[in-house]
Amino acid sequence: MTDSPYVLEARGVTKIFGNHTALDAIDFGLRPGEVHALLGENGAGKSTLIKVLTGAYQPDVGGVFVDGAPVTLDNPLHAQTHGIGTVYQEVNLLPNRSVAENLYLGHQPTRFGLVDHKKMEAAAKTLLERYGLAIDPGSDLGSHSVAVQQIVAIARAVELSGKVLILDEPTASLDRNEVERLFEVIADLKQSGLAIIFITHFLDQVFAISDRVTVLRNGKLVDTRQLDSVSRTDVVRLMLGKDIAFSGATDLEPERPTTDVLLDFKSYGRKKSVHPFDLTIHKGEVIGVAGLLGSGRTEMARLMFGADPADQGTLTVAGKPTAIRNTTDAISRGFGFCPEDRKAEGIFGDLSVRENIIIALQGKLGWFRALNRDEQLEIAGKFGEAMDIRAASLDMPVKLLSGGNQQKVILSRWLATDPAFLILDEPTRGIDVGAHAEIVRTINRLRDDGMAMVVISSELDEVVAYSSRIVVMRDREMVAELRGKNINPGVIVQAIANSADEAQP
Amino acid sequence: QDSLNGLVVGFSQIGSESGWRAAETSVTKQQAEERGIDLKFADAQQKQENQIKAIRGFIAQGVDAILVAPVVATGWEDVLTEAKEAEIPVILLDRGVDAPEDLYLTSVASDQVKEGRVAGDWLVNAVGTEPCKVVELQGTVGSTPAINRKQGFEEAIKGHDNITIARSQTGDFTRAKGKEVMEGFIKAENGGADICAVYAHNDDMAVGAIQAIKDAGLKPGTDIKVVSIDGVPDIFSAMVAGEANATVELTPNMAGPAFDALAAYLKDGTEPAKFIITESKLYTPADNPQGEYDTRKGLGY
Amino acid sequence: MKRLHLERLANPQLLALAGVLLINWLLFPNFFRITWQDGRLFGSLIDVLNRGAPVAILAIGMTGVIATKGVDLSVGAIMAVCGAVAATMVVAGYPTPIAVIAALAVGIACGLWNGFLVAILDIQPIVATLVLMVAGRGIAQLITEGSIVTFNDPALIFIGTGSFLGFPMAAVIALVLLILVTVLVRKTAIGLFIQAIGVNRAAATLAGIRSRMLLVLVYALSGFCAAIAGIVVAADIRGADANNSGLWLELDAILAVVIGGTSLLGGRFSVPMAVVGAIIIQAMNTGILMSGFPPEFNLIVKAGMIILILLIQSPFAARLFTRQRLVPAKAGPK
Amino acid sequence: MKRSLRPLAATAVIFIIAYAASVVQFPGLLSTRVLGNFLTDNAFLGIAAVGMTFVIISGGIDLSVGAVIGFTGVLVAVLISWLGIHPLLAFAIALGVAALFGAAMGLTIHYLQVPSFIVTLAGMFLARGGASVITQDSVPINHEFYSTLTGLIIRLPGGGRLSFIGLLMIAIFLIGALLAHRTRFGSYVYALGGNATSASLMGVPVARTTVQIYMLSSVLAALAGIVFSLYTSAGYPLAAVGVELDAISAVVIGGTLLTGGYGFVLGTFVGVMLLGLVQTYIIFDGTLSSWWTKIVIGVLLFLFIVLQRIIFAASAPGEKSPEKV
């Protein structure tokens, strides 16, 4: 296998955006039957390389080769005809169309020139069953959770991939079971000789399924290695160019004294959304929220922030009864909220990094106390530096930043408002190991500075590392509160499972 | 007259694009009321298709007669045939149609070409043999009155080589565009010094042009003669002020003769004349403009 | 970043304006001649400013609306309504200031109605404003009963035809409005918030921007601008022509905003450039008027010019332009 | 019933209720004559609205349809009456010209990245201007082929008539529905309207589809122009001014979202019929002045939109309030 010829290859590929070199003379080869992990920090150029390999972008210099022959891929459709199936980063499907159509768009089975919906939906049903999804293929894709959409995207790419399957961060919004199921499928495909490119920020997953790794840094190729010849630390060093220390915390943080109660939610809830819950949050305390996908964590966060106002229960902020009817109310009480869906609810794509950072602070200041450009630059610069945001300029549109850097921009936006209470919904999703560690450090630091936080995360190691208490959600209901010593990921998984069992009839 | 009492008559009007049109509508309503007619009014908003719909609607309702002011001459044969089959007499107002004459009872209209000719004849008389550069403010491009009034005017000045049309642009029948276009003409013709007269296809544009002439420091009616068509109140008040020289009246009372013809027809089957042409009377400051203004003021122009 | 270079080199709007003016000059050599007459400036260029003012005023309001990813089709009808209100009130004997204030208030009310439909009922802007576009002209005609309401009130007429320091009042009003609105959006956070709503309304709400209220206000401003334009146009012809005042001007206003470089997809906007866009359109119209072409060619010439201007501004042209710049950069050091 | 079909059903129900209410007031409305007129009188609008539906579903807008109708009428009339060309050949030429025109707009929209609103606005000026350059007058068409086509009428009991053009409109709606819901092209149109970037990454041929969409709209507008010329036996440069707004209203009332991605060709049919009902109602009433006519149309438009908004809120999947995403 080691010396089998490349099915898909990039030779000397350079891609320049404006005056930023996203890819610099990259050589990359993919062999049949291998799982090739593509690693690198946020913004290293992984997604750009994928887009060049699949015809979404044209290289400025260099070329793409399929089975050793040079090809000019004009568009993704062209790549599909070469047997290259791709799941791009961020779910890039059509929420307005049915699941079946998303699976087969462009390849729908036809009869007498007309699309045969029955046949298509039947095929979709069998296809999805392979991934353990029993959903109605005729339903709109948008009515399903992000995780389901991700699986549909993967299934579509697999269907289209005769030779090559490319997965750009497919696991970012999947839970453990779904990841396992995906890996089984990948193993099958690999067995059948398919070549697979796999991008992720979870190193465990890299070591679980990959054969080789290629590491990019700042648009340059660092190295391509056989996986069995490298260790975790090696990989991290290749990616970052330095070592980092992993926080080895396995215990919850000590609980804070009850005198410093900041927030007190009493039977707080919203009809058809979140069951009433009680929660007391102290200054300098991080509440971790655990639960399966779709368990209502996001809805609870939105409820606390007033994005969906509560219609029952009471809230006391620093001892005073407070009504939060909308987000403006929440922000004026010192709340902040980093939403889960960065693209749809977080960033202002066409606005500059600077404007994205100051906008919540400006919202708090109101319409007439405008920050002038210098003040904006100062604030943005301060946070850009503190959070290590990699942007060519603070005036570039934020949409051109890599996902991880966008996340840091949103975090900076809220820190700029100097909040007393911050809600973070999946703050580390799609973030590289370096930045991940940094965000965890930031959370720890903010907690030590006395900020109260609610953090939703599917990564239980991480939740344990910074939380002082953990609440478990199930079916939009708070079903457990874990506190005290000896809480570790295993215990949380157990709690989630227990609550599920209890609920079974 | 009484023979029309209690009849239901449908009236498909073009729209309400100008003051003259509004006057025609209100005069028609007045005339119907005087005769005890139940007038069903339908505004077509400038669209022929809406007029056809309206006529079909009237037929479906089973009205006793239909008045229609056609927006354009062509395209009426089918729907008029339907009316004929339903034995509903149709009378055309203010312009004719390209359809067999047996499809309608009569057509009450002015002769638009003649209107242009009357205006042109007035100018020919007024300037005599002096050279005269005329600027023309056309109506909406493609509209029947614009085409006919242009044609009539050109016929009248033909053979009088001292009169030339120096510039011609559309002012869309509106005051604002008339003013804007006139401003441009004045700039283009040596600050207006070269212009001897302005011919406007309707009075509204003439009123706008008069303002433009005044703004340019010239005297309308003296430095630049103003001749136009319609006879709306505002042009008479301009005449009173000596700012307009001539207008050709287009009477808004088309319905009166139409109802008369209908009454005669219904009474004993008298076939009216196929074309009832209203008078295209020329008014100049010698014709008591103040009096004309006062009589017209209340007509809904 | 490359676009920025290009824009610094030559702003496409100003380039287009220069081009149109140049063509006018070629067609009509006296185009740039301005004389002093009766205490005011007099010349074709002044006409361009004067006649372009109503669309410029509309464009000022329209820019805000378009920046929020909306569009306001009703401005033409609002012009007619407000002109009618002002005219009938002065004819009925109300003092001029009262009539003007009432007309402005009606314009704002119309804008609030649009804002209510868009922001509170969440109706798509193009349909929401279509309602008033259709009904508004009817309301205007209801006020004037279909006729042109002619007035002789000198104060009101001055708004349309007077002059200030030799410049036509309409242009002066447009300029003052331009300065006020530009200061309002540049010196306060409102401009940033409008952009934020246009780019991502959900995120704007989560970032604590009162997007509903701001949207309503943006439409109200558009209604206010339309009211001013309506008064100016009525004052100019000394009469409220409910049938024709502002007819199809909404399209010119939208065109002006787009020529001014604001995307119909919302986000970045420039009020001054929208006004430049309005002047480009008017210069084009004036050029057509002066050219002496038969009027049936007006629309074709206009379409040709629009296509040309859009070509100059399109990202495609920018790319053509910058590709040449990129080559030496690549071959350069490194 | 499928969830996504609910807005369509809602619109149909609104139409039936509105029609029933009108009939209670004017029993004359319930006749085959009125129903036949609905089809005949709205045939050209309906055909143009089918094209507009595709454009709007794809997230664009086409302001040129009214002008293309006018232009086609003039072109066909001139070809037949002045040049003596057989109508069928004239139709083919007109449809071909329209296809090129639509393709040019599509190419501009895609490759120059100019918004469709502006491109089609320029297209509207061009087509309208082109028509008045050919002739300013209305040109009558007197050809026996025309008489044959207009004579193709199925008479219904009660004085109603099913005309050729009315049936043609129905056929176009059925073909349009098939094209939208049962072909790959149709799914590409929805894909573009849903999310153009995703569509392109999923392999939708964006350039080709965009060009095809505007070609389709222009060709259908030209067909509407031919129908209009059959309807009036003439070509007139000022015909069908503002029909684009009627078409957009019909499409929107029919449940298609202007933001793209959702819509129903058959909903547009109901939308066209609703607009026709409003007009017929006003004619039957016959007491409204010119201005009240406009106001009433505006108010009814508003009522339909709000009613739909209420029903959509409960059923449409995609159009969540941006405030509450």
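When the chains are written out, they are named A, B, C and D in that same order, and each has its own residue count from 1.
The definition used in the following text is that a contact is a pair of C-beta atoms (placed from the backbone, for glycine too) under 8 Å apart; a residue touches a chain by one contact, two chains touch by 3 or more.
It should be emphasised that the depicted structure is a prediction, and the values quoted were computed from it without experimental measurement.
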Chain pair with the higher count of C-beta pairs in contact (B-C, B-D): B-D
Chain B and chain C: spacing of chain centres that average the CA atoms, whole Å: 34
Distance from the mean Cα position of chain B to that of chain A, given in whole angstrom: 71
Centre-to-centre distance between chain C and chain A (centres being mean Cα positions), rounded to whole Å: 43
For chain A, residues contacting two or more additional chains: 307, 344-345
In chain C, residues with contacts to at least two other chains: 141, 145-146, 202, 205, 296, 298
Where chain D touches two or more other chains at once, by residue number: 132, 136, 289-291, 293-294, 325
All touching chain pairs, where touch follows the definition stated at the start: A-C, A-D, B-C, B-D, C-D
Residue numbers on chain B that touch chain C, as the complex places them: 16-19, 21-23, 25-26, 138, 141-142, 167-170, 172-177, 179-181, 183-185, 187-188, 204, 207-208, 211, 215-217, 234, 237, 300-301
Residues of chain D defined as touching chain C within the complex: 61, 108, 111-115, 117-119, 121-123, 125-126, 128-130, 132-133, 136, 245, 248-249, 252, 257-259, 289-299, 301-302, 305-306, 309, 321-323, 325
Partner chain B, residues of chain C touching it in the complex: 28, 30, 37-38, 42-44, 47, 51, 141, 145-148, 150, 161, 233, 236-239, 241, 243-245, 286, 289-290, 292, 294-296, 298
Complex interface listing, chain A residues touching chain C: 16, 18-19, 60, 305, 307, 327-328, 330-332, 337, 339, 344-351, 355, 359-360, 362-371, 392-393, 396, 413
Residues of chain A touching chain D in the complex: 56, 75-77, 79-80, 86, 88, 92-97, 101-102, 105-106, 108, 110, 113-115, 117, 138-140, 142-143, 156, 160, 307-308, 344-345
